[in-house]
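Pasting a structure here, questions to come.
As written, the chain order gives the labels A, B, C, D, E, F, G and H, with residue 1 at the start of each chain.
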Amino acid sequence: MDANSLRKLMEQVRAGRLSPDEAVSRLRHMPFEDLGFAKIDHHRRLRAGMPEVIFSQGKTPAQVGQIFKRMAAHGGNVLATKADPLHFRAVRKLVRKAEYRELARAVILQQDAERYGKGTVAVISAGTSDIPAAEEAVVTAEVMGNEVAHLYDVGVAGIHRLLLNKKVLENARVVIVCAGMEGALPSVVGGLVSVPVIAVPTSVGYGASFSGLAALLGMLNSCASNVSVVNIDNGFGAGYVASMINRL
Amino acid sequence: MDANSLRKLMEQVRAGRLSPDEAVSRLRHMPFEDLGFAKIDHHRRLRAGMPEVIFSQGKTPAQVGQIFKRMAAHGGNVLATKADPLHFRAVRKLVRKAEYRELARAVILQQDAERYGKGTVAVISAGTSDIPAAEEAVVTAEVMGNEVAHLYDVGVAGIHRLLLNKKVLENARVVIVCAGMEGALPSVVGGLVSVPVIAVPTSVGYGASFSGLAALLGMLNSCASNVSVVNIDNGFGAGYVASMINRL
Amino acid sequence: MDANSLRKLMEQVRAGRLSPDEAVSRLRHMPFEDLGFAKIDHHRRLRAGMPEVIFSQGKTPAQVGQIFKRMAAHGGNVLATKADPLHFRAVRKLVRKAEYRELARAVILQQDAERYGKGTVAVISAGTSDIPAAEEAVVTAEVMGNEVAHLYDVGVAGIHRLLLNKKVLENARVVIVCAGMEGALPSVVGGLVSVPVIAVPTSVGYGASFSGLAALLGMLNSCASNVSVVNIDNGFGAGYVASMINRL
Amino acid sequence: MDANSLRKLMEQVRAGRLSPDEAVSRLRHMPFEDLGFAKIDHHRRLRAGMPEVIFSQGKTPAQVGQIFKRMAAHGGNVLATKADPLHFRAVRKLVRKAEYRELARAVILQQDAERYGKGTVAVISAGTSDIPAAEEAVVTAEVMGNEVAHLYDVGVAGIHRLLLNKKVLENARVVIVCAGMEGALPSVVGGLVSVPVIAVPTSVGYGASFSGLAALLGMLNSCASNVSVVNIDNGFGAGYVASMINRL
Amino acid sequence: MDANSLRKLMEQVRAGRLSPDEAVSRLRHMPFEDLGFAKIDHHRRLRAGMPEVIFSQGKTPAQVGQIFKRMAAHGGNVLATKADPLHFRAVRKLVRKAEYRELARAVILQQDAERYGKGTVAVISAGTSDIPAAEEAVVTAEVMGNEVAHLYDVGVAGIHRLLLNKKVLENARVVIVCAGMEGALPSVVGGLVSVPVIAVPTSVGYGASFSGLAALLGMLNSCASNVSVVNIDNGFGAGYVASMINRL
Amino acid sequence: MDANSLRKLMEQVRAGRLSPDEAVSRLRHMPFEDLGFAKIDHHRRLRAGMPEVIFSQGKTPAQVGQIFKRMAAHGGNVLATKADPLHFRAVRKLVRKAEYRELARAVILQQDAERYGKGTVAVISAGTSDIPAAEEAVVTAEVMGNEVAHLYDVGVAGIHRLLLNKKVLENARVVIVCAGMEGALPSVVGGLVSVPVIAVPTSVGYGASFSGLAALLGMLNSCASNVSVVNIDNGFGAGYVASMINRL
Amino acid sequence: MDANSLRKLMEQVRAGRLSPDEAVSRLRHMPFEDLGFAKIDHHRRLRAGMPEVIFSQGKTPAQVGQIFKRMAAHGGNVLATKADPLHFRAVRKLVRKAEYRELARAVILQQDAERYGKGTVAVISAGTSDIPAAEEAVVTAEVMGNEVAHLYDVGVAGIHRLLLNKKVLENARVVIVCAGMEGALPSVVGGLVSVPVIAVPTSVGYGASFSGLAALLGMLNSCASNVSVVNIDNGFGAGYVASMINRL
Amino acid sequence: MDANSLRKLMEQVRAGRLSPDEAVSRLRHMPFEDLGFAKIDHHRRLRAGMPEVIFSQGKTPAQVGQIFKRMAAHGGNVLATKADPLHFRAVRKLVRKAEYRELARAVILQQDAERYGKGTVAVISAGTSDIPAAEEAVVTAEVMGNEVAHLYDVGVAGIHRLLLNKKVLENARVVIVCAGMEGALPSVVGGLVSVPVIAVPTSVGYGASFSGLAALLGMLNSCASNVSVVNIDNGFGAGYVASMINRL
């Protein structure tokens, strides 16, 4: 409800086609309806290519199935993260075209194939064990309409592996770096590129990794200035932020 | 702006005393102005007896002085917490009737002497070193219009001192308990009374008190069900919550 | 009552001005016995509408069943928290009218339907995953004789959902807010109401939520002055404190 | 050194204008020189509008002055962060046009006024005490050639202040949010915008804020998906990342 | 090997019944054998009534069974802590008279019934959930030859329960106090008695108890001067230290 | 003493078989008064040789002086811990015979020279930097009437220094061990003696010693069963507990 | 590709046997191939006796089997750490001569029996529960071609056991010490030898051991100067570092 | 006292030149004297080229001066770490040839110029702020008789700086790497060399570096297998361990 529709309403009142009481009644909830609609408008604009997202962890397969089905009806892409095979099976029964990305532990439905991202999102992982977080980022970025390139197992203890593949980094418009243990890779990558780097600490490691705390602290203290950080194992968040950046 | 004033506006439009454009103009920012005014109304109703509060730490004496003076002009009580003597001196120059409560490190101005609280707020401290936090709670509750009783140095290692003074507890409508070190007093007090207990961990202690962490954790794990907790050394917050409860 | 007044009492007895029975009666509530009896009296007065509470975690179904049965015989309401279906089954065998509140993981017996609370307790949750803690608060407050209103899934990342439902908040005499992850909701709610807010951090989240630590610290540092905090996942404690406040 | 220049070198060898030994000598260090030059090329391209940055903390005024002067000679903008007045005085003696941004604790030299950022960077702070971090972000973004809008003191306990100023957020291409204490503001802002949000936890607070840890954890656990985080008090890093995003 | 046996050896050498080489051979390892024997002597003296102790956790039932049997052959009491029913079954097959103390999770063999402790060891627990740690302390103290009195479920939130049973405390020569959650009981008990108090934090609790950390910190910061602390859930250690004290 | 026996007593008074004074005398130690008076009696008995103790930290010199003087009037020994030279000067003005133990940072007054402890208290320190904590323990034990032996700078990295001085350990009835850094000494000492060992972690160290946390955790996890622990730098507590043990 | 091969290539160009384009094509990837080959050369030199290592945790048996087989084909020794029996079974099917070291949880293939280490690596463990970490170190050092001596269950609470076996320490060229709980053993050992000591904290313990944190902090704060530390339970890392040292 | 001297003693006994009692008397204290002397022998052998070391922090200038002078008299090199200019001045008065290494905060006396180390010790630092720790390592290694090469300011965000200087690394027999902030450099260096790497976390950084904790955790979790770690800012320890390795 913008100034125009509001003016029309006022003119109806002046013209006597709408009683003051009826006008009040329509306007009564305006602040919030307005907020609501603006929100929705805003969201609609924003939502072009934005997946509907379900955080499956802690939900029953039946719940995830029902929500997924309802969201699928909206016509865009749908993404269920942290989903196990039972979640997928429940979704599959209701939404035939849903797929399971096992490494990423994600259920997706591709209904909108448009490229919303302007460039490529590169997803890098330090070790093979970091791949689940990396794949979650990949799937999220893909479902949000991005070209994605990935480069795995290029940890800093074998720095030449990364240098040999610098091309992938240089072609990217935004880079996601997943690393557990000491979490050093984002700093090295940050120094090699001049685009934003989103660091994902993973819970990979043992002992003094304290389930990803070591990697998290390392990344927050990165000596590369172009690095920002998301939660431990939050590949989804990184993919989401990267997609937002890639649309700009 | 409620339904009534809105209806009046509509009637002005119908009567032609207000053009649709003017009405739109008035309503344009309504959601927020409404929110704003409602907020203020709401606040005004709420604010009877609520002090204007300044957190002095990190502000210069001159800044605190200026803000204090501006607030004093509103007519209610004014409270500046975590204020040192220099802050006070700056306030005093501008607001002659301001007083300094040294133990509480608070500057206050009493302009409204009404009792808003229905009963007594009891403030208990475990040791003499906890008195600053306790006094901050006392001053806050007083400035917010409460009868306050206090009982200091009744730590759990001499439990008879507390039991001998149970009367103070039994007469209170809400109890604030300040304790550092092991922070055990709120649990004992919680078991002796049947009113809400607000626990204030203090940073009193050394070594494994970790600046109040030990007391904080102790209070959060209180085996007494009627205990809730505020931040370390946050006597102000406890006094504020207690005042809100005491008005109900 | 010191030696002097005691001697006087004795002299009155000797002089026949006080019968032995009257003397006993006066002494009955003397400090120590007083502590015992007063405690019970006090408790009795307090206990009108207070549920008998069993913390089921770590107890066998048989133990919970037996305790529940014994408590049920006292005639008031009974509440067993953190109870799983096996606990419930054991209780049900012995106490036919016991009910299981699955979301809250609570077994309850309603024998006293009186409203002890003067107003409404509002229970708000940030996400759907916070509902178990919220429901525990709801059940506790209900069993303690309160009108309860609830509002779920109004997390701060979609602030309009909360604003659209401000009514629930404004009608409450005390508000409980449950939130995991960043635990930001109590601050927002605290700014919208002028009644006490009890914050319940939940263990919902992953990675750097550290099982609720992030939410707990956030709530303790709330910039809203009317917020106090209970232990992580302690919906029961919040419901209990709120009930105490609501009786005042 | 690309394929073209390499081919020319080979042709010189074939033509006998360059002996094999001389060719080897030229190529010997190629990997690193190449890396070096590519790096520099790359940097040069990147560096248009990138400030030369000096981290002043722990350096003497004389050191900062010398480095600043040397950098100023390169012709672009220069930025010295975490600088105190003594640092500034030392710089000023050597570089007359240097300015001191007191709130940001930054010394800057503006030699390049071009706008490299495509849109506006919005910088939001929760409280007045968070302004130093916010100002550091503002100065960094400005020195890197961005239009900057700022909005201070809009913490979540008075959510209407933020809503009343939503315009600033909606016009931004990237948003920086600085908050101490519970660090809740980025989640609320994240829910209101559809652009990347960079969260800066500040060390503002006391007690259980643990020098910014509470805010940091809160932000990492943000329920808004478009939020990424930098180190505590790292306004510079946020301004840098935002500038990189704003150039895309 | 003491001075006597050494003198005998020397006399055999002098008498020619032992060649120097044979004597050297016997003495070669003397420093350590001596150390060993002295150690054992020392231990033997000490060991009157000291149980042989097996920490069962992480050992297989077969291992515990074998070690237990070997120790049982020495004639004194034997104690296996942190033992589950399978451990017990394995011990029972080999040592018929072994008993299982289920609450304490201990397997014991009583072969020496002498009272080595001079007075009574009192073991107090705050809640029923703390009983396993308390029982481990009880069993340890009993097996080491002490008279043990215990008092359970006297947590600080119902301080009268403790005061009503002060007799148990007053009769003790050393007191062990087990408490989880806020760990406040040792301070209260410490203030009531004038003998050493050994505090055992237990992992009982949830949320911010952080598996006993809250109780541990509380006890280390006890405002009662006669309290020392052992590891979380270390009922054995407390029973052992108390027994040592009770023999003095 | 229940109502019945109380009534009988009253009847004896009425019948003149018991004078009022005698009745008062019998009632004097009744539960509550008993708590009060018995406490004092008990304390008096206990207090033979117990110092009056002042924790000086956070108190002004004047305050410490006044309290010290008042305590000195009671006739026993007086101990002020964590006292700096200014505290001492203030005490000295009022109590001429007070002495300052500089290393221990303690002010003492010796008015009672009796030996209350039955044996020797040994105080061991790992390094020279741990001596302040050790000396606080020494002074406390001396002022409480114990024979004290000390052995400094016998850290575990030069284990022979300790073994060469085993005599000191073997002659002790109770041992106090002070150590910072890795805090390993109590375990080694615990294995060498068969008496209680009280471990005092000190804040000596840097980096990952985290102000004594490393030593504290080490001592709590001691593999020697006869070790219990007090707070970081709490030499006073260790001396107090040791004195209590040595009186048994 | 070194200077020689490069010169040959140049000579082929000069001689016209190689066209400039072909030469460019060969050199195009030179920087990285060179880096790659140098790396490999370097590795080859280094790798004499270096095992190929697989971190099995988090990999499926099939994956470990395949990688092991591929590595076994290279001819050197192969080591798979943190392997369970299922991993071993999968390896065994493909590589007949693979062995399982159960205590160390390692699968090994010995194809190169040469001694690369110049002296003996001593591996010491404090308790029997530390043996898995110790055995992992032993196996790693053996597979890397070292003479290994081990000494188990020589914890500091029975220091004579260590002293009795000092010979093992004195003969070693480098010493690995594994300890959980308080982690004190490396300091004691460090004081007894004059060679490098590598400390391995283990997660053995409970309560305040915090899964090895206590031992880790203890070792980092060791008062012996010749001690360096690896991650908790990282026997492999210690064995690897020790092997590197022993080759020097 | 070895087998030989023991045999002689026995022969004296057999020959009657020594009575059994005298022999017993001589042997009685053998274990410790033997231990003592062996220790000293051992130390003497070890000490060739080992500096006498004084940890100055917490000692007065006078104390450091006296100890330094006494140590200087032994003839070898002397090293006082963590020394400030006042310490140095006090030393200089007593030992004329002492020098102050300002960056390293070390006072040294070079009396023994022999090279004990067989190769070169390389000391690398990530940033200029890490230089104090690095210089402490350099000075320690030099004073212990090693050839030292250093390479500063080669942090991972500009990886080419390190690669350009790989020569320094490749020539080293042992490498020390000092880094604060994210502490990533040791992993990168570890991957480039095949010799032992000793990592020194420094307290350089702010916010979530938590005074070096981030760097420490990063290094402990290094994905390079040849890395071991010393305490935060412990350049001395790293230099000492490296020296021990370099002598092998």
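Criterion: a contact is a pair of C-beta atoms (placed from the backbone, for glycine too) under 8 Å apart; a residue touches a chain by one contact, two chains touch by 3 or more.
Just so we're clear, the structure is a prediction, and the values are computed from it rather than from any experiment.
Where touching is counted per the definition, the chains common to subunit D and subunit G are A, H.
Chain centres here are means of the Cα atoms, and by that rule the chain farthest away from subunit A is F. Centroid analysis (C-alpha atoms only) places G farthest from subunit B.
With centres set at the average Cα position, the gap from subunit G to subunit H is 24 Å.
Inter-chain centre distance (subunit B to subunit E, centres taken as mean C-alpha positions): 50 Å. Chain geometry summary: the mean Cα position of subunit C and that of subunit F are 41 Å apart. Within subunit E, contacts with two or more other chains are made by residues 32, 35, 163, 207-209, 213, 216, 220-221, 225, 231-232.
Here, these are the chain pairs in contact: A-B, A-C, A-D, A-G, A-H, B-C, B-D, B-E, B-F, C-D, C-E, C-F, D-G, D-H, E-F, E-G, E-H, F-G, F-H, G-H. Of all residues in subunit H, those touching subunit F in their complex are 32, 35-36, 39, 57-58, 201, 203, 211-213, 216, 231-234.
Across the interface of their complex, subunit F is touched by residues 1, 3, 6-7, 10-11, 13-14, 16, 19-21, 23-24, 27-28, 30-35 of subunit C. Residues of subunit H touching subunit G in their complex: 35, 42-43, 45-46, 53, 118-119, 173-174, 194-196, 198, 216, 220-221, 225-232, 236-238, 240-241, 244-246, 248. Looking at the complex, you find that subunit H touches subunit D at residues 129, 160, 163-164, 204, 206-209. Partner subunit E is touched in their complex by these residues of subunit B: 126-127, 155-159, 163, 180-184, 187-188, 190-192, 205, 207-210, 213-215, 217-225.
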